[in-house]
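There's a structure below that I have some questions on.
We just call them A, B, C and D in the order they show up, numbering each chain from 1.
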Amino acid sequence: MQNIPPQVQSMLAQLESYQQQLQLLVQQKQKVQVELNEAKKALEEIEKLPDDAVIYKTVGTLIVKTEKAKAVEELKEKVETLEVRLNALERQEKKLNEKLKELTAKIQASLKPPVAG
Amino acid sequence: MQNIPPQVQSMLAQLESYQQQLQLLVQQKQKVQVELNEAKKALEEIEKLPDDAVIYKTVGTLIVKTEKAKAVEELKEKVETLEVRLNALERQEKKLNEKLKELTAKIQASLKPPVAG
Amino acid sequence: MQNIPPQVQSMLAQLESYQQQLQLLVQQKQKVQVELNEAKKALEEIEKLPDDAVIYKTVGTLIVKTEKAKAVEELKEKVETLEVRLNALERQEKKLNEKLKELTAKIQASLKPPVAG
Amino acid sequence: MQNIPPQVQSMLAQLESYQQQLQLLVQQKQKVQVELNEAKKALEEIEKLPDDAVIYKTVGTLIVKTEKAKAVEELKEKVETLEVRLNALERQEKKLNEKLKELTAKIQASLKPPVAG
């Protein structure tokens, strides 16, 4: 194996940086996905309750009375916010995967020995 | 110590992979075991309450009224689900331990110097 | 690169120690900032409630009834305590940053080759 | 620096093992100390409540009504259990510190060059 030329080394460093970014993105996506599933499940459960159900909500370490309509509204907002964030993360992931693919191809082409070599 | 032949190196890599899988399994098992103990303890405590006891349940960050019968039913389902998962993990652990044992024996046999050596 | 003289080595060790202290400070500051934001948000939400609102507070794993006035008072104290702590951490951070700057300048001066060298 | 004789190497390995045990003990002690402080603070706060105060307790993800007397009793038991555990950990820590001291002295004596050397 010959020494790796500087411009390829710099591409390999870029590749590693992309891979780290991708790993971080995937972790963030999983966290948002878990939160979204929990919010959706809670919404489903709250929506099944009668309209005059006794519902409390936690506010930090305090617990205050709320109403079904308000609780449903807040959960719907939460679900929406999390879906927007999840979509943004998925777009970033797709873009980054494309960059990774292109860079990997470029690196492989650079490392290919010349035909007449 | 002589160089390790390629086929033994590949078995050693497989061994390491099995050990990592086993470590992960043991961690998952402990987590499920803790959840199961908590669910069993909660079930025991709830079952002792009078049938008309005031019981609330948390739904995400919300708290809603429930009934003893429903709470007991949900806890029993949870205990059952966790027991099924624990059994599955224990079966996987047992299988993996057998594979590990076989592979270790195979590696030891490969590394034994030939009798006439 | 020549050997680094002992007094510069000791300054480099000091620099590293300062950088670790700074990193710790920044982490503590972020934690206090998050707690402060949560306390402020809770205060805002509790203040909007009617004076006779049903409010509970968590005491460890117990939940006890409280009143709006008391809850607001406790949250205000919490916000104040956290603000004092945040200010103290910010002062420490500023001081440490100045020390880091001075030491870096001193190290650079020590490593500069003599004019006639 | 000469090669370290095998029996000293084994003492150094033992020393490192003691230090790791000590670090673990200190972490456990801190955790129990934090839990104990929380339980004591909760007990103090619950004891101040009127005897007929509305108190709930969390049982896993469920919340059930309890009474002041019962809550106080459970908290007292918790405080007692944690104090017993803390004392046991402190005794272990003291013993380990003595062992560490003795072993360090033994290692230093072993490494001291002979008088006529």
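The definition used in the following text is that a contact is a pair of C-beta atoms (placed from the backbone, for glycine too) under 8 Å apart; a residue touches a chain by one contact, two chains touch by 3 or more.
What you see is a predicted model, and the numbers here were worked out from it, not measured in a lab.
Asker: Centre to centre, using CA atoms, which chain is the farthest one from chain A?
Answerer: Result for the farthest chain: D.
Asker: Indicate the whole-number Å distance between the mean C-alpha point of chain A and the mean C-alpha point of chain B.
Answerer: About 27 Å, centre to centre.
Asker: At what distance in angstrom does the C-alpha mean of chain C lie from that of chain B?
Answerer: Centres of chain B and chain C (C-alpha means) sit 39 Å apart.
Asker: Listing for chain C: what residues touch at least two other chains?
Answerer: Each of 56, 63 in chain C touches at least two other chains.
Asker: Using the contact definition from the top, classify how the chains connect: line, ring, star, complete or other.
Answerer: Graph shape here is a ring: one loop, exactly two partners per chain.
Asker: Which stretch or stretches of chain A touch chain B in the complex?
Answerer: On the chain A side, the touching residues are 38-39, 41-42, 45-46, 49, 53-58, 63, 66, 71, 75.
Asker: Contact residues on chain A for chain C in the complex?
Answerer: Within the complex, chain A touches chain C at residues 56, 59-65.
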